[in-house]
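Next up: some structures, all given as structure tokens.
Next come two complexes, and both contain chain A; in the first it sits with chain B, in the second with chain C.
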Partner chain A sequence: MLRHLRIIRVFVAASTQQELAYHANFAISLLNALLKLATGWLGLVIVFEQVDALNGWDYAAALAVLGVYLLVGALRDLVLAPSLNQLAGLEGDIWQGTFDFVLLRPANTQFLVSVRQWQIFAVFDVVMALLVIAAACAQITLTAANLLAFLLLLTGGVITIYAMMLIFSSLLFWSPGFLFTWVFDGIFQMARYPVGIYPGALGLLLTWVIPIGIITTVPAQALTGDISAEMMLATLIFAVVALAVASLLFRRATNRYASASS
Partner chain B sequence: MNHRGGWALIRSTWLSWMEQRTFFFLVAFGWMVPPLIYLFVWATVAGESTVGGMTRDAFICYYLVLSFVNQVTYSQTNWTVGDMIRMGDFNRLLLYPMSPTYNTLASEFAGKAVMLSFVVPVILGLGLLLRPEVALSPAGIAAFLPTLLLAWLLRFLWGYWLALLAFWLTRTDALLALQDALVFVLAGQVAPVAVLPGFIQTLAVLLPFRYMIGFPVEVLLGQLAVGELLLGFGLQVGWLLVAWILFRILWRRGLRHYEAVGG
Partner chain C sequence: MPDSQIEVENLTKVYHVPEREAGLTASVRSFFRRTYRDVLAVKGISFSIEAGEIVGFIGANGAGKTTTLKMLTGLLQPSSGSATIAGFTPWERQPAYLRRISMVMGNKSQMLWDIPPLDTFRVLGAIYGLSSVEAARTVNELVELLQMQNLLTKPVRNMSLGERMKCELTAALIHRPEVLFLDEPTIGLDVSAQRRLRQFIVDYNRQSGVTVMLTSHYMADVMELCNRVILIQQGKLIYDGDLAALSQQLAPFKLVRLTLNIDDPVRALRACLPPDAEILAGMNGDITLRLDRTKTAHIIAHLLNSLPVDDLSIENPPIEAVIDQIYQGEEVL
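Right after this comes the complex of A and B.
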């Protein structure tokens, strides 16, 4: 465990050095974080200018979903996306056959591919997301129990998004030319609104198959105290199962890997 | 002008991109999601009543057409030209025995042909699935095509002059990101312009962004009175002229300023 933390520290330091070499990135990342905040917030304000509730979701509840969406997205951009992109992205390790160098390292492969690249300026996004969540909290009566449930389910959500990203990345071993991760990124955009606005089958699909509902809607519901104990338990079990399936799939995928060229 | 060479370039770009079509299909899919989100958001808001004079079906039609217009007018060239100037790949373009315009045309036509071959069937499928009731007038359809063409030119040239600032600045992608945010709010993506709140609506009508995406959609669906239509058309042409002038000035000055790097 201590060794893993030490490895993470080295990766963070190396990535930070790389990124700080480009001064302009600082200002541009800050601008992008502000734009994400502004467009996300306007997307809610304009809608709630017209109605008081969106399928039962009032402004505060929808703001909480937006905050969780921004927070989970920021954590994804901080480490999961850059790391897995190096594995399964455009001209990544699987694509180019350089995955050999990861396999040869004396540490757990799944651990390495998941944490090796950090995009440190995503910290701006984390701050903006926390501001949005705080703004949502200011509009509701927050109890300690709700906050605790929120933190628990947020952890479940982060585990779930990691599992999904690992599954989509692993699929690349079977079909190296198809960027499966982009499919997930596209669908994840839908998580910025409560999953309840998507009709019938699509809503169910987005909760239990490509579980963006579990990733953002459910933690937000916990914050506003709008969730049953059964649903909480079900999503936590889902998160654990998803992580186990993802790890298993990743192991099978790496066993398939046959390097590229010579 | 070397038209034969230009045509060959367009053809070869199209063929090679068609070969990598899954990549472009994925990009097109990513661009389709935001209009779909707002389709569901506004369909939910409208419910059984109307919002800003639009019914649930009107919102569904609006966003289905919008995702088509968005795809037609979106220019990926704008994002690459700044990088090419910065990295020095631009040298190669300038040395071709034909105008660099052909390179741009090649990627525009090739990209559009490939992506639309994915997007159009998806939109038609969604239309069949959601079955919105819609009445299109011949006048709307007739006015749609010219406004769509102008919208494409405007969005392209507007992004291009921003990208040409790369001759002087190192990171124009920040400007393009800002532009995308403005497009999101003001071009009719987050909500049809008619539904935007007062002050933002005035901005949307006056600034160029609505004329890149939302305007042709409103025209096709017959949401505008004759006066609004003429005003919109005038503003669209006016902003296109502004974009064209800025593009010409920046192109000439930029080329003179350009010092090849790498290559």
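Right after this comes the complex of A and C.
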């Protein structure tokens, strides 16, 4: 455990140095965070100017979903996406054969590919997301139990998005040129709004098949106290199972890897 | 250690590759019904290497060198056969095994490009679980040996290939491996960079006792570094022994240089040589003959008896020529 923390620490340090090598990154990352906030928030404001509730979702609840969406997205951009993206594309480790070096390390391969690259300026996004969540909390009565449930389900949501990304990254080993991660990014856009606003079947699909509901809506519901115990349990079980499946698939993918011949 | 450091027994690798013919119709057909073909890349090779040896692993492109190295480093599962290195089976990829080995690939980099090498070394130190003191000591030693003090703070992106290769070596040796696999480490380097790198390998091997297995297409690498070579051809091991003996054993011919004290030496030679003997053009009346190895003694005796020979020497052909013949698949055995 200590060793893993130390590995993460050196990865963070090295990545930060890499980012600082490019001055423009700082300004662009800040601008990017503001834009993400503005587009998400404006969308909500425009809708809730017209109506008080959307399919049972009021402004505060929708704002909570947006906050969770921004937070999970920020965590993804902070470490998961930059790390896993190194596998993909023509410059990527699989195509180039430099995945050899990852396999040669005496440490868990999945761990290494998941935490090796940090985009440190994404902490702007984290801060911004926390502000949005705080704004949502200010409009509801927050209990300690709700907060606890929220943290638990947020962890479940992060585990789920990680599992999804790992599954898409594993598929890269079968088709290294295809940008599976972009496909997932596209789908994830839909997580910005509560899955409840999507009509019946689509809502179910977005919860249990493409589990963006589990990633953002469910934790937000926990925050507003609008969730049943069964749903919480089912969500957490889903997250754990998804992670197990993803890890298994990743192991199969690496076993399949026969590095680009040199 | 009573047993060998590397023990390879009947190692075999069959690749199962999709077959594709040229043309659109063939592509469409293979999209719906893939056909596969088995390619036997490594065919039951066996050898053993003692701790501290430097062994050259040579063969033509596609002979199976890299495939073999990949099995020995645990990157590939063999189809059959066994290997034990430092007491481990490589493809089980146990952390304790991976800590004992290292690999440098001439055509792939393990450095982080945007930052100075010291930072890559720090990352590797953490991954290999070295204390910072320990890692710093090893890096200092290697930096001294490779004379790369000036490179430590230069971003890798801005380095020449020779400079980067020094960094790759330090990165590969930071955890003090027992076995080092070098896959064409000198590829693309200029002559003096190659020489420095070879000198480093010799020095480091002497200092640390590391076992080295090296592939290279440059015979100079192999001649200077390796007392022993393992030669594979189309996946089969065809020679295992010292390099000098290789040309003796595998070269089918000898080179004979001679000076004759007559006017038209070429014609005189033609008259008394067997038809398969080759006369290579010489200068100043010096002539080189290429003779079948088994018949050389007999032919020379005959020449000495019938022609006025001033000077004569018998040589083995240069190693490069022998290797070239083997790579081209000519019958030499």
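Keep this in mind: the second predicted complex is superposed on the first by the 260 of 262 C-alpha atoms of A that agree within 3 Å, B and C clash if a C-alpha of one lies under 4 Å from a C-alpha of the other, contacts with A are read in each partner's own complex, and residues count from 1 in each chain.
Keep this in mind: contacts are C-beta pairs under 8 Å (C-beta built on N, C-alpha and C of every residue); 3 or more make two chains touch, one makes a residue touch a chain.
For clarity, every value in this text was computed on a predicted model and none was experimentally measured.
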Margin query: Is A:14 touching anything from chain B or chain C once the two structures are fitted on A? First, second, both or neither.
Written below: second
Check: Once the shared chain is lined up, is A:139 touching chain B (first), chain C (second), both, or neither of them?
Finding: neither
Next item on the list: Return first, second, both or neither, reflecting whether A:178 touches chain B, chain C, both chains, or no partner chain.
Entry: first
Note to self: By the touch definition at the top of the document, which applies to A:247: first (chain B), second (chain C), both, or neither?
What the structure shows: neither
Item checked: Touching partner for A:110 - first (chain B), second (chain C), both, neither -> neither
Next item on the list: Please work out whether A:6 is in contact with chain B alone, chain C alone, both, or neither, and reply first, second, both or neither.
Entry: second
Item checked: Of all residues in chain A, those that touch chain B in their complex -> 24, 27-28, 31-32, 35, 38-39, 42-43, 45-47, 49-51, 54-55, 177-179, 182-183, 185-187, 189-190, 192-193, 197-199
Note to self: Under the definition above, what is the set of chain A residues touching chain C in their complex?
What the structure shows: 3, 6-7, 9-11, 13-14, 17-18, 21, 96-98, 100-101, 103-107, 112, 255, 257-259, 261-262
Notebook entry, point to check: If you look only at chain B, which of its residues touch chain A in the complex?
Noted result: 22-23, 26-27, 29-30, 32-34, 36-37, 40-42, 44-45, 51-52, 170-171, 173-174, 177-178, 181, 184-185, 190-191, 195-197, 200
Note to self: If we count contacts the way the header does, which residues on chain C are in touch with chain A in the complex?
What the structure shows: 15, 66-67, 70, 73-77, 93, 95-99, 101-103, 105, 107-110, 112, 114-115, 119-120, 122-123, 125-129, 155, 183-184
